[in-house]
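Heads up, the next two complexes both have chain A, just with different partners, chain B and then chain C.
Moving on, here comes the complex of A and B:
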C-alpha cells in the first residue's frame, strides 16, 4: 500500500491536490482512500491530507503514522512542531518540499537520513493570478515518484477534479503538474510500498490507568477568558508577533505572506500588524529575512490592545 | 452501475437521491453537513425532483420530517452530533407517531469540551427513542444502508423512523470507491411508499399529538412501538437478502469477519471496525485465531444473531467508542446483558477507545487480543481499560502547565 501525506496551510488547495492524486491512482486501478484533516477551519492554519492506494481493499483508516511519501507545499511548516510534518518520517520516507532552499540545507537542518526532493517555488508554473501552482505540481511529482500513475491518468484526474473551476485553471494546472512530473523523472519509483512488520512482535502501547484529578485540574476551563473585551474576535493567539521597526528593511514579505491580510504598510512602507484580527500563525516571523519579528507570549498583553 | 470515489457525505446524498426522497427538511447551518449541500445543489440543477425546506433548528427539522412522513411522502433528513441532541425531544416524539423516514447522523463527539472528531455518544443518546439505528463502516455501506433503511422503516410490520449513522471525518470527509447502484434496480428494491390506512390527509384530519393519562394506554402504545422495533430484525433479514440478490452486496444485522474458528473476537461498531479487520488479517497471518463481530443494527439489538456468532468463542474484546459516564462502555453493557443467559459464556473484556476520534493503533488491537487471551487463561476479566498512553498524559500535563500560567495571570488581574 502507498501511504502519502500532504502538509500545507489552510487555503493552499491541499484537499484538492490530495483528491487529484487519489483520483489518478483510482484511474490506474487502485483501491483508494483520501481525506483531508483540519480543526477549526482557519486560513493559514496547518492542515494535512492523506492518500492511501493499494491493489487490495483498504481497511486502515485515519492518520498515516508511517508515510512512504510526505509532501510539504509550505516550507515554513517544517519548522513548526505542531504541524507534525516529520511524524513517522524514517530513512525510507521520501520528503518532497516546495522550497527555494536547497535540499541539502533541509537535510542538514532537520537531520534527515532519507531522500529529500524539492520543487522550486520560484520556477513553478504560475496561475493567471500570479500565484505558484504548488499543490498540483506536487501531485505531478508524487505521481512520478510512486511510478504507478501514467501521464494520461494524471491528466484525466486533473480534468475531473478541476473542471468546475474553469478551463483556464485546468490548463494551468496541467502545465504545472506535467512540468513537475518530468522534473522528477530521475527519481521515478523512489517511493515504494512499505512491507508492514509482522504482528508477531510489536511494541506494547504504554497504557496507563488515568488517575483521578479534582475539578480544579480536570475541568476544561480557559483561564485567559473574556478576551473579547480587548479584541473584537477574541484572542486566537498564544504567541504574538511583534515587529522591531529598527531592524525592518521594508521588504514587505510579511505583508505579502500574511494569510489573513492583517499586515498593512504605512506611508513609509513599514509594516503594521492589526492585532484585532491577527491569529498568531507566525508566518510573518518565519518569512522575515532580517529577523525583525519576534514572538512574545500573548498572556498579559491583552490590555495593551485598544 | 458506476464505481466512483465519493465521501461518506456524498454516499448519504446518493442514497437519498436513489431512494427518490421527495421531501428534505434541513437545518442549513453548523453542524449540518455536505449531505444537505449536495442535495441542494442537485435540486438546483434539476437533477432530482425533491423539495427542500430550510428550518431554524434541528428540533423543527425533525418535527417537519415526522409530519411529512405521516402524509406518505418519502422524507430524508440529516444532522450531526449537537444537532441531533438539539432535536432530541422530537426524536422521541416522531418515533411515537410511527412516522417512517430516514435521518442520517454524522457522528461527532459531544461537548464539553467541544471537539470535531467522532465517537458514538451522540447517536447512542437516541438509543431508547424508538428510532431504528443502522451503523456503517464504509462509504459504500452508507449509501446501501439508506436504501435498506427506507425498506425497513416503511414496512407495515415496522413503521418507524431510522437513523443511519456514519463517523465524522473517518467516513464523512473520506473518499472511497463506491458503487452507485442502477436507479431502475433501486426502484425495484424500493417502490414508492404507501402508508395505506395510516396516511394523514388535510381533508381527513387526525391528531398525532395524543394525550393518554393513567399509564395503561401509555404502556400499550409504548410497548407496541417496542414490538414494531423488534419486528425490524426479521424485516432486515428479508430486505438484505433481496438487496444481495439485486446488488450483490450482503448486509446482515451483525457482520462476522473471520470468526468461524476464532478464539478471540473484537466486538465493536462504526468505521473503526475496519481497523480491527486490518488487525485481524495481520494476526491471522501469524496464526492467531481472531475475528471481528460488528453489529450493524444497534436498534433493534440483534441478540440472537450475536449469541449464535459468539457460541464457542473463548473471549471477546469489546471496544466502546463511547462512554456512559458513571457506568462504562455502552456496547459492553448491551453485550453483557445479551449473553447473560448463555451457558459457557466467553470472557468479556471492556476497552474504551477512540473517544473524540482518538486513533486506535494496530499495536493496540494486538495488545487487546493479548489482554483478552490472558483473561481467558485466568478466567478473570481485568477492569475496563481506557486506551490512553503515558505519552498522552505527559502531553496533557504540558498543556496544563500552560493553563496554570494563564490562571495565575487571570487571577492577578481580577
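Moving on, here comes the complex of A and C:
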C-alpha cells in the first residue's frame, strides 16, 4: 500500500491535489482513500491531506502516521512544529518539497536520512495562476515517484477533477503536472509500497481513561474570557505588514479595519501590530491612506513567529 | 464613546472586546463587523450562535469572547435566545441576579440560517416580541462548508453548487423586508467596511425593547475569490455601487442611511463585480453584457424606488 501525506497551507489547493492523485491511482486500478483533514482552520493555516492506494482492500483508516511519501507545498511548514511534517518520517520516506533552496540545505537543516527532492516554486509564483499550480505539480511528481501512474491516467484525472474550473486552468495544470512528472524521471519508483502490517502487530492507541463526571465538569465549558489569545495565529502569515511610523498620521484606520483586532494604539495614538496573532491579510496595507504600511515576505524573517 | 454618538472614526472604541487568535479566515469581512458589534455591546452579553462560520470563533477550549456564548443548532438560535432571555428574567425576578447584572441576548448566525432554515424560528421570536439582538453576517452562501449557494446568494454568482456558465440563477431574498414586515423594534442593513454607520446603528438600537435585527454585509475572500487584503474595498464598493443599500427600519419607517450617487454619476456595479472571482465568468473569456446589464438594471430600479 502507498501512503502519501500532503502538507500545505489553506488556499493552496491541496484538497484538489490529493483528489487528483487519488483519482489517478483509481484509474490505474487501485483501491484508493483520499481525505483532506479539516479542522477549524482556514486560508494560510497548516492543513493536511492523505492518500492511500493499494491493489488490495484497504483496512487502514485515519491519519497517516508512517508515510512512504511526504509532499510539502510550502517550505515554511517544515520549520513549524504544529505542522508535523516530519511525523513518522524514516530513511525510507521520500520527502518532496516545493522550495527554492537546495535539497542539501534541507537535508542538513532537518538532519534527514532519506531521499529529499524539490520542485522549484519560481515558475508558479511568477505565473498568474500562482500557488495552486504547486499542488498539481507535486501530484505529477508523486505519480512518477510512485511509478504506478501513467501519463494518460494523470491527464484523465486532471481533466476529471478540474473541468469545472475552465479550460485555462486545466491546461496550465496539465503543463505543470507533466513537467514535474518528467523532472522526476530519474527518481521513478523511489517511493515504494509498504505491506500492510498484520492486525496483531497494530500498535494499540494511547487511550486515556476518563472517569464519568457530572455535566458541569464534563461539558465543554470555558470559564475564562478571551482564551483564543493563546492561539498564535501569526504562523498563518506568509507576508508581514510593517508600519513605518515616520509616515503614519495616526488616523487609526488600520486599527479600525483589522478584522482580527490585532492592531492596537499606543498612548500617542500610533498603531502597533501584534505579530503573534496577525494573520497577514494585509487589509491594513491597502487601507492606509499615507502608504505607511509595507509588506515583506515572512520567509526568512527574524521575529517572534517566523 | 463621546457624548452625542459616533461622529468620526476616532469616536469608535479604542480597545477591542473580541480576543485575537480565532480560527476565522484572514481578511474575513464577517469578523470585521462582529468585532465592532462586540466593541459597542460590551462584555454584558450572551451570544447565541447557530452553526456556521462563526461557530468556529469558539472551539473548545478557546473562546475570543469576554462575555458568554452558547451554541445552538442552525435553525433554532432565536428559540435558544428565548430560553436564555427567560432564564435571565426569572433570575432577576427571583433576586438571584441584580438588575444591573442583566445581559443582552445576541443571536449570531450566517445567511444560510437567517435567510433559510432559521427564518421560521426568527419570525416566531419577533412575533412574540422577544427582547434580543440578531446579527446575521451575510456572506451570501454557505461559507463554512465550501461555499454552496444559499437564499442570500446574488444572481449570477458562482458557488460550489452553481457552476453553470451564468452562475446562480435565482435572486437574493429580501430579508430586510421580510423582517421589517414583522414590525419589530429595529431592523438595519450594515457593513463592516462602513464602521461609523454600523456603530451608529448599534448605538441607536441596543437599548430598545424588543427585537433588533441586523444584516451585516460580509465579503468572504475564501468563497468570493478575492485577495483577503481587499475585503474592505469590496465592502465599500458594494455600498458605492448601490448593490448593498445601507438602511434602517424603525417606528414603521425605512430610512436609507447612506445613499450612493444618482444614476449616471454612481459607480457601475461591474466595478464591484470584477474584483471577485465568483463573477469572473461575466468578464472572461468574453463579457456577458446581457447578465451585467440585468444586474445593473436591478440596482438602478431599486434606487429609483427609493427617491
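The definition used in the following text is that the second predicted complex is superposed on the first by the 185 of 306 C-alpha atoms of A that agree within 3 Å, B and C clash if a C-alpha of one lies under 4 Å from a C-alpha of the other, contacts with A are read in each partner's own complex, and residues count from 1 in each chain.
Convention: contacts are C-beta pairs under 8 Å (C-beta built on N, C-alpha and C of every residue); 3 or more make two chains touch, one makes a residue touch a chain.
Nothing here was measured: the structure is a model prediction, and the numbers come from that model.
Residue contacts after overlaying the shared chain place A:198 against chain B, while chain C stays out of touching range. In the superposition on chain A, A:277 makes contact with chain C only, while chain B stays out of contact range.
Contacts of A:32 after superposition on the shared chain: chain B is touched, whereas chain C is not. In the superposition on chain A, A:220 makes contact with both chain B and chain C. Applying the stated contact rule after C-alpha superposition, one finds that A:22 touches chain B and leaves chain C untouched.
Shared interface residues of chain A, touching chain B in one complex and chain C in the other, are 39-40, 220, 222, 225. In the complex of the two chains, the chain C residues touching chain A come out as 9-10, 12, 14-16, 18-29, 31-32, 35, 43, 56-67, 163, 192-193, 195, 221-222, 227-233. Remark: chain B residues 5, 112-113, 116, 169-170, 173-177, 271-272, 274-275, 277-279, 281-283, 285-286, 288, 357, 359, 361-364, 366-367, 370, 385-391, 393, 400, 402-407, 409-410 touch chain A in the complex. By the touch rule above, chain A contacts chain B in their complex via residues 19, 22-23, 26, 31-37, 39-40, 58-63, 65, 196, 198-200, 202-208, 210, 217, 220-225, 238, 299-300. Taken in their complex, chain A has these residues touching chain C: 10-11, 39-45, 164, 220, 222, 225-233, 236, 251-253, 255-257, 259-262, 264-265, 274, 277, 279-283, 285-287.
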